[in-house]
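In structure tokens below, several structures.
Next come two complexes built around subunit A: one with subunit B, the other with subunit C.
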Partner chain A sequence: MIAVFLTRAARHRALLAALFLLVLPFLLPFRATAVNVLIDGLFAVGFNLVYGYVGLLSFGHAALFGGGAYATGLALLRLGLPWYGALALGLVAGAGIAGVIGLLATRTRGIYFAMVTLALAECVYYLAYQASGVTGGENGLRGIVLTKIDLFGLDLDFVDPLTRYFVIATIVALALAALSRILASPFGAVMEMVRENEARARASGVDVRAVRVLAFVLSGAFSGLAGGLQALHLAIVPIETLDYGNSGMVVMMCLLGGAGTFFGPFIGALVFLLLQNLVALVSSHWQLPVGVVFMACVLFLPRGIWGQLARWRPA
Partner chain B sequence: MAPGVNEDPAILRTEAVSKSFGRFKALAGISCEFHRGRLTAIIGPNGAGKSTYFNLLSGALAPSGGRILFEGRDITGLAQARFAALGIAKSFQITSIFPELTVHENVRAVLQAREIRLNFWRSRNAYPQFVAAAAALLERVGLGGRARVIAGRLAHGEQRALEIAMALASRPRLLLLDEPTAGMSPEETQAMMILIAGLVPAHTVILVEHKMKLVMGIAERVLVLHHGEVLAIGTPDEIRANDEVRRVYLGQREH
Partner chain C sequence: MSAEHGRRMGRRGVLRTAAILAAGAPFATLRAEETPIRIGFPVPITGPYASEAADQVRAAEIAVAEFNQSGGLGGRRAELLVRDDKLDPGEAATRAIELIEKDRVDFIVGSLSASVQLAVNTVTKQRGVLYNSISQSDQIVSSPDWGPTTFHEAMTPHMTAGAVGRYAFEKLGKRVAYVAADYAYGHEMVAGFRAVGATMGAEELAEIKMPIGTRDFSTLMPRLQALRPDIVFLCNFGRDQQIFVKQAHDSGLKRTAHIVAPILLQTARIAGGAQAFAGVLGGTSYYWGIESEVASARAFNDRFRKAHDGRLPSDYGALGYSGVRAVLTAAAKAGSTETAKVAAVLAGMKYDFYKGPQFYRACDHQSVQSVFIIESKANGSVPEDVFNVLATVPGREDMLKTCAQEGLG
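Let's look at the complex of A and B:
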């Protein structure tokens, strides 16, 4: 029943996502969490493109997210680009870094792929750390100011939390709609072939490595956009954005919600951040309970929260 | 194959191809040609080098020495995806399908991947020509009624038939089949042999088979390998009458 309903609902997944984003800030105990859910949700969705759809475990996605954040921040701060130009630059930076990492890392497989992406992401971290004249080094990139946003003639107050939420939600909804189209496209079908059976895909004339690199670049574009949005939201790019902990977090969010499903990573980000915020109310050691929940999910819900729901059939 | 184009009757030839794995010589210089529109069977006892030879022909392995010519063109050492793009399709010895997709989607994906890969924006369902072509191929291998089933839930014999449809979907000029009846019941084997026999002369087929008896009825030419070398080559009647072949297969009671 639920599975049938969810299958039907999947046809209008972009619309449903938009509706969900519309009500989200009023459902959460903390309004500030809602914007983080949007940004990390988009990041997890971008990560899912390589992990869930072509089966590559990347431990270097912080470089794509952080690269986008720095590019957007620098574009506003040093180049004086308008906010949409800065965001576009963040998206391009994410895709570009992903192109370099993807080309190098797809030469390896399995755990080696994870290690190479981790190592290359660490290179990006130290690059930003050392180039303190440009990036602010360990202090992060500070002084980004964005108070007004002009959207099709509308002059929006970006300082107002709810307005800010809806501006970011609109961009995230558009990104999800684009992703939905990509997944439904012929290229999406080719990605499915690679995930389902690499040898058969190759025998059908598909250049598996090229598909992986392309998927990585697309993933970088979504991750870079998420990073750019975070730079706008926080008005600072902390160096921790590039930290490997960020790469690990997005893996957890994706697995928690359900890899390879459209909504799963977003749900994963929501659950992760909610838990983190709720536990932080009583104790500063939020990692411990969140880790326990994560392990329980891996053991008892191997397809993730959303993935399990979508498969559930009454006995 | 349009008349007048490429008069060479051989679509594929190997010139002294060999393959070594470390110090083990699996194939020692096989020269053979495979004719258009024919069904050629490669047989031989276990360890004869059939699978190695098959993997060289399909591009899964690169030869250690010698040349492979496809339609007169040297394809030695090309990547496997290039083999497929040139028109060489293969079935796998172990069933290789997209298990989570429907039977129809399995075939359609292969059809579509041949022509449209880098479109990120249109719907993959916006190409009705592939839907019709996939349905026709499924009809041809006897899976017309099973199109909407998830491929992983098919019976073993049906999965092998699906694999043939997928190989045909890449519109190959040469079809390579590696023990297509492995693990099948006698009834499934019978149906598969009829299906394969019906592929020629529209397609050129090379069939690797362990059981000699199976291929004698449908192959036009038979290549017998033994210890990595050509033991005999000829029509099924010539092979049956060959003393060397009899000697090698003697004591193997299963055929």
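Let's look at the complex of A and C:
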């Protein structure tokens, strides 16, 4: 019943996502956390494109996210670009770094793919760490202060929590609509074909490596955009955004919500951040209950929260 | 006195209270005239500096309790909203934004790393909220990070290395070798020592940079011994420092050279053990043992002991106390919690809360304060009895970079 309903609803997934984003800030205790859900949700959705749909486990997505964040931050700080230009540069930077990493890493497969992406992402980390004159090094990039933004003649106060949320939510909703379009396209079908049966895809005339690289680049674009949004939101780019811990976090969010589903990674990001932040408010030992919930998810919801829900049928 | 300290509150208690208050925030408008003065306190409750952060919370609670017992600000009580920044700048920025937007804090005090405090500072500067940082950094009092709402209660690496360097070059010798962790902290400290050394005729034998997280320094020992330095400046932190000191002890380097760390932490020394650290020199912003000479230290230690089962405050912990107390004192003096009024009182404010006279320099809001030169003891009477105070370098403005050098001229 639920599955049937969800299948029907999935036709309008981009619209549903937009509606969900509209009410999200009123459901959460903190607007700043709601914005983080948007950003990490978009990041997880971007990651899901390669992991969930093409079946490539990347452990280097922090480089794409962080690369976008640094590009946006530097564009605002040093190049003096308008905010939308800086954001676009973040997206391009994410895609560009993904192009390089993708071209190199897709020469390998399986666990080696994960290792190569991790290694290359670490290279990006050290590059930013050492180039402290440009990136701020260990102290991170600071001072990306954006108090007002103009949107089609509208002068918006970017410090106001709700305004900030809805500006970012609009961009995220547009990104999700674009993603939905990609997944519904023939290319979306080819990605899943590569995941399900590589030999058959090859026999059908699909250039498997090109599909993988392209998916990686698209994933990089979404991740870079998410990174750029974070730079605008927090007004800083910590070096930690490039850290492998960030790469691990996005894998976790994706698995928690449900890899290979449209809404899953977003739900994963929501649950992940809420658990962390709410439990940390009541106990300094927040890692313990959060860890228990994660284990329970692995044991009882192997397809992730959304993945399991979408497949649920009453006995 | 006993009634004053009857209510004992643990860190978890504070967190729990904070959560309950946050849940009840919508009702706060009903009794607006009694709105408490809210102080956001983001510190790394989880992660490698958790023990220091716990001590900062304990100390900050004492400052809040004192303020409330003395009647608050015309009856307005203060409360501390502790948040876990997880030692991550992004987390810290998010917590700071939440504290400002949701909890409507009047001030933010806290943080325990250079990058984290700069992140919090960016957020507070953007929103015009007063921030008093309690962790070392040179950048926070320099352009472009500094802002009119930025205050810095902790010492800067420049003044720490300056004070320790002057003492070491004068008393221990001129032939020096540097062992530095290869990141900002190590580089800044070496630069600080070099600047002092240049004026005092020091001879630099070597600078050895080691990656952060080095687990074995034993290969360095013969090289250092062959150089025959008078002083080895050890510019690293935490576990790296512990391992180096232990191996320097085992290899006999400690018999031929003095080991001097710019910042010697009480917690690190307790964790590292008395034998390995014996004779290691360093600087600190506070050591409880100064209570025999400084009245305010005695008073603070006594309150801390009473509130926390006879424990003694650590160096970084004590900063939590003075950081919060400074802001509350200024608010009481200003008769207001308005940022501009409180900042105006704080800039130039003279105070003696726990370590002798201090004041905030007007042009960069850096707290000018004494630096203590300490030596690790071979054995002590209580776990916290770990150092001898060799010298007190009284706080003077010429220990700091000038505001023109900081780009604030």
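Brief remarks follow.
The rule is simple: the second predicted complex is superposed on the first by the 311 of 315 C-alpha atoms of A that agree within 3 Å, B and C clash if a C-alpha of one lies under 4 Å from a C-alpha of the other, contacts with A are read in each partner's own complex, and residues count from 1 in each chain.
Quick note on the criterion: a residue touches a chain if its C-beta (ideal position, glycine included) is under 8 Å from a C-beta of that chain, and two chains touch if they have at least 3 such contacts.
All of these numbers come straight from a predicted model, not from anything done at the bench.
Touch criterion met: A:V159 reaches subunit C, while subunit B stays clear of it. Contact with neither subunit B nor subunit C is seen for A:M115 once the two complexes are overlaid on the shared chain. Of the two partner chains, subunit B is the only one that A:A199 touches; subunit C does not reach it. Of the two partner chains, subunit C is the only one that A:F30 touches; subunit B does not reach it. In the superposed pair of complexes, A:L301 makes contact with neither subunit B nor subunit C. When the two complexes are superposed, the chain touching more residues of subunit A, out of subunit B and subunit C, is C.
After overlaying the two complexes on the shared chain, residue contacts for A:V293 are found with neither subunit B nor subunit C.
Taken together, the two complexes place no residue of subunit A in contact with both subunit B and subunit C.
Contacts from subunit C toward subunit A in the complex involve residues 11-12, 15-16, 18-19, 22, 45-46, 83-84, 88-90, 93-94, 97-98, 101-102, 114-115, 118-119, 121-123, 125-127, 139, 144-145, 183-184. Touching subunit B in their complex are the following residues of subunit A: 181-182, 184-190, 192-193, 196-197, 199-208, 211, 218.
Chain contact summary for the complex, subunit A toward subunit C: residues 29-33, 36, 132, 137-140, 142-145, 147, 159, 161, 230, 234-236, 238-241, 280-284, 286-287. Remark: subunit B residues 58, 80-81, 84-85, 89-90, 92, 96-101, 109-110, 112-114, 116-125, 127, 166-167, 169-170 touch subunit A in the complex.
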